[in-house]
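There are structures below to look over.
Next come two complexes, and both contain chain A; in the first it sits with chain B, in the second with chain C.
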Partner chain A sequence: MGKSLPKALSSKSTFAWLLIAPAAAYLCLIVVWPLLETIRLSFTDANIGGESYVGTANYEKLANSKKFAATIGRTFYWMFISVSLKMVLGLLGASLLNAKIPGRAAFRVLVMPPWIIPIAIGCLGWLWLYNGQFGLISGALQYVGITDGPFEFLAYKQSAFYSAIVTDVWVGTPMVAIFFLAALQGVSTDLYEAAYVDGASRWYRFRRITLPQIFPVIVSMALLSAIWTFNSFEIVWILTEGGPRSATTTLIIDTYKTAIASFKFGPGAARAVVIVVLLSIFAIVYMVVLKKLEKRFGSK
Partner chain B sequence: MKKILATLTVSGIALAAGSMAQAQEVHLIMCGGEIREADQTVITQFEADNPGVTVNAEPVPWGTCQDKSKTLAAAGDAPGLAYMGSRELALLAENDLILPVTLSDEAVAAYQPGVLATVSNGGQYWGIPHAFSTKALYMNCDVIEAAGETCAAPETWDDLYNLAAAVSAASGGDGVAGYGLAAKDFDNTMHQFLNFLYSNGGVVIDADTGEGMLDSAETRETLAFFGKLAGVSQEGPTAWERDSLKDLFNDGKIAMYVNGPWGRGQHNEDINQMIVPVPRGPNGDNGTILITDSIAVFSGTGVEDLSMKLAQALTTGEAQYDLDSSWGLTPILQYENLGFDAPYYIGDAFWEIFTAGISRGGPEPMVTDVKGLQAVFVNMIQGIVLEDDTVDNLVTIAGEELAEIM
Partner chain C sequence: MMDRYSLLEKIGLYIAIGIFLIFILLPFFEMFMTSLRPLDHLRSAPYKFWSDEFSFDAYSSMWVTVPKLGRYIFNGVFIAGAVTVLAMIFIIPAAYAFARFEFRGKALTLSLFLAVNMFAGAVLLIPLYRVLRTLGLLNTYFAMIIPGAAFLVPMGIWLLKSYLEKIPKELEEAAYVDGASKMYTLRRVMLPLAGPGLVVVGVSVFIGAYAQQYLFAITFNQNSDYMPLPAGVFEFIGYQDVVWNEMMAASLVGVLPVMLIFLFMQRFLIAGLTAGAIKE
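So, the complex of A and B:
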């Protein structure tokens, strides 16, 4: 190979750099440049007609806004509840799908639709379910006598927020379950057999064998799910557009409303930068805490 | 030989330039998702009258249309002209993306009162109004009479509330509400509120000074009334916008709600409906919001003159009359003064309801931050519907927020 290539390319590292150069250039084009452009825009008052430099004014406004602080808190709460539910239900679902029961293959297929159906279509279905006058849930509640009239799930702050979480969990859980299922299938059966012989209970085997063995997958999945949930847009937008009274307005919704709906690109970019910073901090803290937990409880 | 070649080259270039000048395309974005027959007739005639000019008329659904026009303009690829909500004009005008429109005194006098206020900003007109609507109260007399009440026009807010309360009380557990209230995060939530605010003598922006006037006693009374109405309305008003209320009206689930003239065609034919003016508040007279959609001509497109010519062709005389009458819109021009013989709305009891309120109506406020304005109103209305805060606080906050976005 060395004979057919110019001398400069003959070293292994140079050749390696050349090979990854197209991918690196592509990455710069679609990730680095937009990110830098977003940061630059955040220091301007860019709008539909032009832009001018405003220094840190956009950030100062955000720092002094109680509404924005509430939106940050709401977003983390939304993420925490939703991801926790996805993890628990995903693990439960994966364990059931891993069990040797008749029709297991069919169940594994049936769990996929929420993930496969386009989110917008799924959300339209949920919109109908949550409708008080014509919806299935309100009708069922009235039928069994839990409510004595129609109930609009998306009309009230609390119910709208938790309804959006239910839909988000519905969409996100199948993927988590499938990943956990793959991890469960990688756990050696020898470990279970040995523990069984030693008289370990079902719960003890789950806690001391299953969980430690799939711990790395749980960590990765939780982090990915947290980022996706934090930035989940379609579900909230289709169901509530952030209302009522901002009860379901998360950071990404707020950013969209500012940057795209109101054409305030500068203030919108500042919000986008805040999202990047918050998620980066969250990811770092999460990884540090989990490394400590892994040392303490993880598999050897 | 060289001379011949040079002559040929120059001639070729001149011919090419000439044919380019001849073949011009005017891009028209038409919000609403369709090109109505009345408009298509004008477009076809325009192309025939201007050889070499083609009109690329692109219908775009309302949901994305206005953002599309604005985004194209911001990106330097504006359409020649666009039919869009007049509320969008201020932002485009402030950023020099559209051209001001000059109207003759005769043309100005031809419009219904208040119509041109919906396209005015900074002392200039920024669009030519092309569609106009006013609002009225629709009553389902079958539902009202089934509740043991007389189906008569409520004159005042108290009359409206009492009738709605009586229907709600009579329905028991049937889930029939006296009134259909829209309070979703949607533009027509603001419009529905303004129907009542203008019926109570309220003002949002002072036409002369440009000052925000929302923080007023009239707004407080209107908001308090909305709070009362919520108690006799369908379950969860914050999940409903006006257009979805027609389904409840058709199903006999609400006895009354406010809608435009198109409501008549959307309601089931077997419903015994009555259409009456929006009841008056304690400080006003039966009013309505005056909403228009307009044709705006964009700057920097190279076809400004042609676009302006097309905009004027679409919005004048016969062409506008054909659109109004075939679409069932509130008349935008005073056709009776323009020599039209027996215009469709004269002597028609239904249309008299929608035209009577024009002189007492108020415009959809024109600000550059349209979504911000919507948020001010929606926040205030949802606040009272959900009993989050007092009327006083909500109106004070709304006044401050309005000042911020102006």
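So, the complex of A and C:
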């Protein structure tokens, strides 16, 4: 078949481009074009009725809004806390699942459900757990006497925010743990055996062999997880819809509320562009800082 | 020898795993307990840990309360399956190109693909809505399948590329020497060798597609015939009352098919990931 193709195709790079073209075209249609369109819309007052050019008015409004500044801060705080917890719990979980003890195979399977089931279904479970009147957690707290009466976890600013974080961590940790587990298993046993023979303790082996060896995986996982957590929509939307009094409104929730729930496409698009810009800056800073650290502290 | 644990260490390990698993499984446990209780019992404070009236009634009445429940369950699995097939059609050739060929702009192209991860669907909803309307796809299965697959393609390419890079080049070169074309080599030499890698990527894409249907479903589809479970299950929230016990029963039954499939696949998943999919 290859022989009948025109000669140009036999060049390796042309063939490579041909293989990439379908995916590239598809992403152009579903991601790149909508992105450009979002940028264009952000300079308009587009709504259900129509649209007209308004210059940078949408952005000026955002820049002067204290509420929006608070939303940005809240989103980064949300991302930082949640991703840190996912990384620590993921690493801890992976190490536990990697221990050679009876029941290991079963434990591995039991950890995965939050990752596999639809996020929305898991959120329903948490919604019910957080219920003050009839929920298990509030009930247990009353039973042991920590609280006198029912406690509505999602009704107060602080508790709603951290409840949403717990759910987000619950959804995100299993996948992180499984990927870390795979990385742990990829570490050569020779290294451990050599260290063991030299009398290194388990903790020492973890710090000096395991961590450096799987460090690249942790780094890329943390970045991916940060981006996903930043844009995490379903969990907050189902638990609180951004409330109470905006306590759980992250940028993505604010964007959805503005654009889809209130049909203010222009201002919504401006918020979407802010998200993309902030995330790009974050990703670049993250990678630059990492390179610098790597240089300073030698290889890994 | 090195992996021997003292009795104390073992007890510690099991306690730690136990705490971890309680956190992970608590919602499922409570969902199950809720599904067994009569509704008026759920609506009584203070919270009771045990009930004398446990029954499986909700598991039969839920099909009456939400008549299309079976359809929703099917739709969820069907959409995730279709997304997986569509995504793999784009992932396989692109991953092969990135793994095997050197060409100008390769690193840049790859980073552009990965940058797609930054644009979650929620950011692009407005224009996506217009694209789908222009194509006449709103309120069809495609409204959920087409955008759903796009955001899983970059991750899939990345995973599969890393896996393919682990397959020795010599095998392909032998095929070339024997006069096989590039297409033939991809189909007959690489694909069979990449089997485990394809399973890993396929399962990961399916999980991603199955887990994240909610947003596109509530935004791009109003037709209840095409609604997947994550959106349909909210029909148990009525105007006056939430039928919690049936909603929990429906949630558990609804995810059961995928859980069972996964139970068979998880061995390959961990083994495949370990085999090199993510090691750089």
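In this section, the second predicted complex is superposed on the first by the 276 of 300 C-alpha atoms of A that agree within 3 Å, B and C clash if a C-alpha of one lies under 4 Å from a C-alpha of the other, contacts with A are read in each partner's own complex, and residues count from 1 in each chain.
In the analysis below, a residue touches a chain if its C-beta (ideal position, glycine included) is under 8 Å from a C-beta of that chain, and two chains touch if they have at least 3 such contacts.
For clarity, every value in this text was computed on a predicted model and none was experimentally measured.
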Chain C versus chain B on the shared chain A, clash or fit after superposition: fit
Touched partner set for A:133, first chain B, second chain C, both or neither: both
Which superposed partner A:84 touches (first chain B, second chain C, both, neither): neither
Partner with the higher number of touched chain A residues, chain C or chain B: C
Which of chain B and chain C A:150 touches, first, second, both or neither: both
Inter-chain angle, chain B to chain C through the CA centre of chain A, in degrees rounded to a multiple of 10: 80
First (chain B), second (chain C), both or neither touched by A:30: second
First, second, both or neither for A:262, with chain B first and chain C second: first
Contacts of A:48 with chain B and chain C, given as first, second, both or neither: first
Partner chain in contact with A:243 - chain B first, chain C second, else both or neither: first
Shortest span in Å between Cα atoms of chain B and of chain C, once chain A is used as the common reference: 5
Contact residues common to both interfaces of chain A (with chain B and with chain C): 133, 150, 260
Interfacial residue positions of chain C with respect to chain A in the complex: 1-3, 5, 10, 13-14, 16-17, 20-21, 23-28, 30-31, 34, 42-49, 76, 89-91, 93-94, 96-98, 100-104, 106, 109, 113, 115-120, 122-128, 130-131, 146-147, 149-151, 153-154, 157, 180-184, 207, 210-215, 219, 228-231, 233, 244, 247-248, 251, 254-255, 258-259, 262-263, 266, 269-270, 273-274, 276-280
Touching residues on chain A, where the partner in the complex is chain B: 47-50, 131-133, 148-152, 154-157, 240-246, 257, 260-264
Of all residues in chain B, those that touch chain A in their complex: 67, 70, 73-74, 91-92, 94-97, 173, 175, 183-185, 234-240, 248, 251, 253, 369-372, 378-379, 382-383, 386, 388
Chain C-facing residues of chain A, complex: 1-3, 5, 12-13, 15-17, 19-20, 22-24, 26-27, 29-31, 33-35, 37-38, 41, 46, 89, 92-93, 96-97, 99-101, 107-122, 124-126, 128-129, 133-136, 138-140, 142-143, 150, 170, 173-174, 178-179, 181-183, 185-186, 192-193, 196, 216-217, 224, 227-228, 231, 233-234, 238, 252, 255-256, 259-260, 265, 268-269, 272, 275-276, 279-280, 283
